[in-house]
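Look at the two complexes coming up: subunit A is in both, with subunit B in one and subunit C in the other.
Entry: the complex of A and B
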């Protein structure tokens, strides 16, 4: 019965999507492997095969290590801080507070803004002398002449990570809030009767039941962080120096500014492997946690 | 289990659970503090946006401190920004681009997910993961081969070319949402009646299955619609004429102005104009925006 209802001809339904996906995504990706062993510059018709020279140059140069470490910092900080803040907001706005619906909507607003607009707004916020934070400190009488969020080597990366978190925390919060609605009330009641305080209720009742939400939020922000491009591109151009060069921004710069598409492809292949490995390992880890929780 | 909880109740005679005391200073204080905390957090969160709104409402030559909120109410900066970004055309371009892309995504992704959810074989599982894996690849990385592919197919670079990429890049997440939803939310039994009535696969999918997918379709429209609407990268690649630019691309024309305080009033007016359509949509369709985000996460 089943096999006559669910025929194999059903696979034809996947053809249009597959056609798009193979033509404009998978095939171009395979081309990257080819270009990564050439000296192709991105537009000339001819290029030479140069073996693994691109890879060798990358491993000997400073760009690879620098971009990987920037990307990992970007990812770890935005995943951990983004999820903690999102969870805290969700817990707060899940309590009996007047106007919580209104606050929930408000916290979602930044996610609606285009990355360009967000980049512009936060460039103003961070700007030395006349930016928002600087004028605030002026009003409070706090000296801030040395404060340059986007211009200093030590703070630029963290400043753009903060923008990333600000933009995405609304989504994280909404997903946690949805998860919190699935926590049965009688379970919380039972916990309270057994003498659990707020913290214990959170740790032993709510968090285990939020496992799915945590997995989803972590995976989404993990992929987001590993693919980070927008804010280095709009706000810092990778600078000062190379302090905000993420992997994807480095690839972009190498391909389009320095016109070394072969080398950029090699960096792309390395990033690709790194992104897949990190995502796969963390998804597997979380799945195991989720089952045991 | 039951006896355990009753025992706990007897050991700890705390009546505060259900009975409400007429006045409790401690609880009231706690509640007020909590309320204050929320207001402070929300204020911190939104200060940049409030300042942007207030500054955008000044005339272009009003260079007083942006922190003096709402010290002028003028639409002069909006008028300048409106003209500089060709707002009318840009808005129309954005609407057309997003609408066509989202429509195609819904049709393609829903159809592709049907066999992946219904057929239980190694092939269908592979297809599912194959689509999902595309999620981790950033577009910036493969841009040049993509452009070459589009050129070699003889597709001209018009204002509609980015649609190809919007549809393609939306497939991984959309098929993920649709497949999950069909697997857990649309029982096979609903199709059997149609099958017995002699309906073919195509009609069965569009008349029986697809109407049941409305919740996840809303979710796909919202999540993919927002990123497509806000994307500047693929637009930047294929569109060079300002008459063809959608809103985020029109914003790129203001690049550099954020370093120049004398341009802020107009820049921020442009920012508000760019965000306005989605903000209006959000205020009317809030429950779909919020619900759409969580369909995938609750169904798991």
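Entry: the complex of A and C
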């Protein structure tokens, strides 16, 4: 039986890629499942299978709850605030103003730096007494004795989220800008003729047409937030105490400091499931709202 | 017919791919030579090894790899990176020593991965007892070689040798001895009217109060770096937990004692007292170790808790010129002696799976022969107090504490050397809640430590 579309032998050409995919992607993931039921410590090659003890310990201990709640706060704030600011920037820079290109580039610059660089810069900005903010307030004569952004329980997490937003708002803005270019002029004109003001145009014409961009941006920052690691790692080490421990940071700490690879794998699988679930639900919800021009 | 030949081509191609993949795969299995150094020297080394298979190692070309942790000294003067490779080459022309140095965190991660994948360096840095990357773990996992047959054990102090031993055999060569203590600013002490050095906890608090009343920040600590807390905490523990129970940790490991012991709660409480009374620099949770050290050398704080290893940093010239002093934190009650917090420093271990173990041992014998240039360079560069017979104390600053250590024998190691890694981190994270003004009690800190200890210890 001859196929008119493709010779069956052609499937063999997919084999090398498939093998690579299986060896370097699927196999390690299944290994993770295996390690999650052991007491593997990360270097000694002997370990025991201990059933679901790791999971049990995680659900009974405080780490899981604490890091999930930190991660969710991180995600929600960075998704909502990041998208609002990104959208506002995009709308501003879509107007007919002089030096538009310059401002667009400026807003995109933070995105170009690596997280390490950004983290270090901001650690100095936030530093008490001699940091940038403290010095600035000094110049203005505002007392800043108790200013301790990264060192206080109430502000550390939000200070980090702010940096995350600062770094990523450029990307969000670019995607919104691109979306705004696809809004057809005739629709806008029709709206104006029907008597829409600026706000109504935005609410009833632009935003619905931007739904695709909103889905992309929300999904991207959602995933970004759920796997937050670099800023807690660079700027606070998860501290003070455990107030900036995110899921991924807890996994790192568990595996590499406490040498509990088994338990860390279990936590990895829990966050894997969590991230997939949250992302899937939000994508499904948002897909329903999309319209096309 | 045509399809069949095509099928055959496909199968052939598949076979070819598989062979290629297999070729790739063999690169990562365990029977590679342990040195992953310069690839171009390897065939050469193997060829000459084949030619002179039965002659001694002194003629064979060998590349040894070495990895240590720490921060790099200025260019050209780093012992591990610059001096040691040069001097080894002078003594053993056939041996090339390739060294690398990583900051602690990165070192811990990298060395474990390398050892686990069979790519470990020939010489690497291990820590005493149960510390992170401790000699006990390394020996038990079969990564560290038994070093009983090295030539110089008689010249190394017994305690240092024991701290690097597993089941009675040495698996590591201690780099020296480290003290925890208080670096203090003598000028500021005088300015505050402190005439007598505090000998016990009440008088220490009194001195802090005098400093505070004089408008001087008594102590600068770097709580943004969680590990910094240990520098004060272990000195207090040495005077509270251990004096009447030196085998506390042995009992702890056997399950007869627990970290929620009232003595540990008392230790935490004393540390908490320093914060509660405002003796520690404000906003310490926002200060990193470099910034805390800067406050001290700029003369803005009178004391800093730290170890002998930070001598260079803390004696560097800052904004103010003043005389430094060093004493053991007197956390003891009045009338009791002060215990020194002293522990064996990290040191060299050899990779048990190395092909060049014999050569590495020769290098170690040369390094610790007590007279060679290499040995002199080593003692000169080493910031720890030497545990090698006949080597003089390196810094006058430590004389008082060192004398008290040698003469009274009242000293306690750093407790985390008997804990699995993770317990100290738990203590730091929990105690940070106290510093941050949360309502955590010392008892809650000890309970968290105890829970972490029990969880981690059963994996040992």
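The rule we apply is simple: the second predicted complex is superposed on the first by the 270 of 293 C-alpha atoms of A that agree within 3 Å, B and C clash if a C-alpha of one lies under 4 Å from a C-alpha of the other, contacts with A are read in each partner's own complex, and residues count from 1 in each chain.
Keep this in mind: a residue touches a chain if its C-beta (ideal position, glycine included) is under 8 Å from a C-beta of that chain, and two chains touch if they have at least 3 such contacts.
Quick caveat: nothing in here was measured; it's all calculated off a predicted structure.
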Subunit B versus subunit C as contact partner of A:28, first or second or both or neither: first
Which of subunit B and subunit C A:270 touches, first, second, both or neither: neither
Touched partner set for A:160, first subunit B, second subunit C, both or neither: neither
Partner chain in contact with A:44 - subunit B first, subunit C second, else both or neither: second
Partner chain(s) touched by A:248 [first = subunit B, second = subunit C, both, neither]: first
Partner touching more residues of subunit A, whether subunit B or subunit C: B
Which of subunit B and subunit C A:145 touches, first, second, both or neither: second
First, second, both or neither for A:79, with subunit B first and subunit C second: neither
Touching partner for A:127 - first (subunit B), second (subunit C), both, neither: both
Touched partner set for A:260, first subunit B, second subunit C, both or neither: second
Touching both subunit C and subunit B, counted on subunit A across the two superposed complexes: 2, 7, 9-10, 13, 16, 23, 42, 127
Residue ranges of subunit A in contact with subunit B within the complex: 2, 4-11, 13-14, 16-18, 20-21, 23-29, 31-32, 35, 42, 89, 92-93, 95-98, 100, 103-117, 119-125, 127, 130, 132, 135-136, 139, 166, 171, 174-175, 178-179, 182, 189-190, 192-195, 212-213, 216, 223, 226-227, 229, 234, 248-249, 251-252, 255, 261, 268, 271-272, 275-276, 279
Residues on subunit B engaged by subunit A in the complex (per definition of touch): 4-5, 8-9, 12, 17, 31, 34-35, 37-38, 41-42, 45-49, 51-52, 65-67, 107-109, 111-112, 114-116, 118-119, 123-124, 127, 131, 133-138, 140-146, 148-150, 153, 164-165, 167-169, 171, 175, 188, 191-192, 195, 201, 205, 226, 229-233, 247-248, 251-252, 254-255, 257-259, 261, 264, 267-268, 271, 274-275, 278-279, 282, 286, 289-290, 293-294, 296-298, 300
Residues of subunit C defined as touching subunit A within the complex: 3, 6-7, 9-11, 13-14, 17-18, 21, 108-109, 112-113, 115-116, 132, 137, 140-141, 143, 223-226, 282-287, 291, 420-422, 425, 429-430, 432-433, 435-438, 455-456, 459
Subunit C-touching residues of subunit A, taken from the complex the two chains share: 2, 7, 9-10, 12-13, 15-16, 19, 23, 39, 41-45, 57, 126-129, 145-146, 148-153, 236-243, 253, 256-260
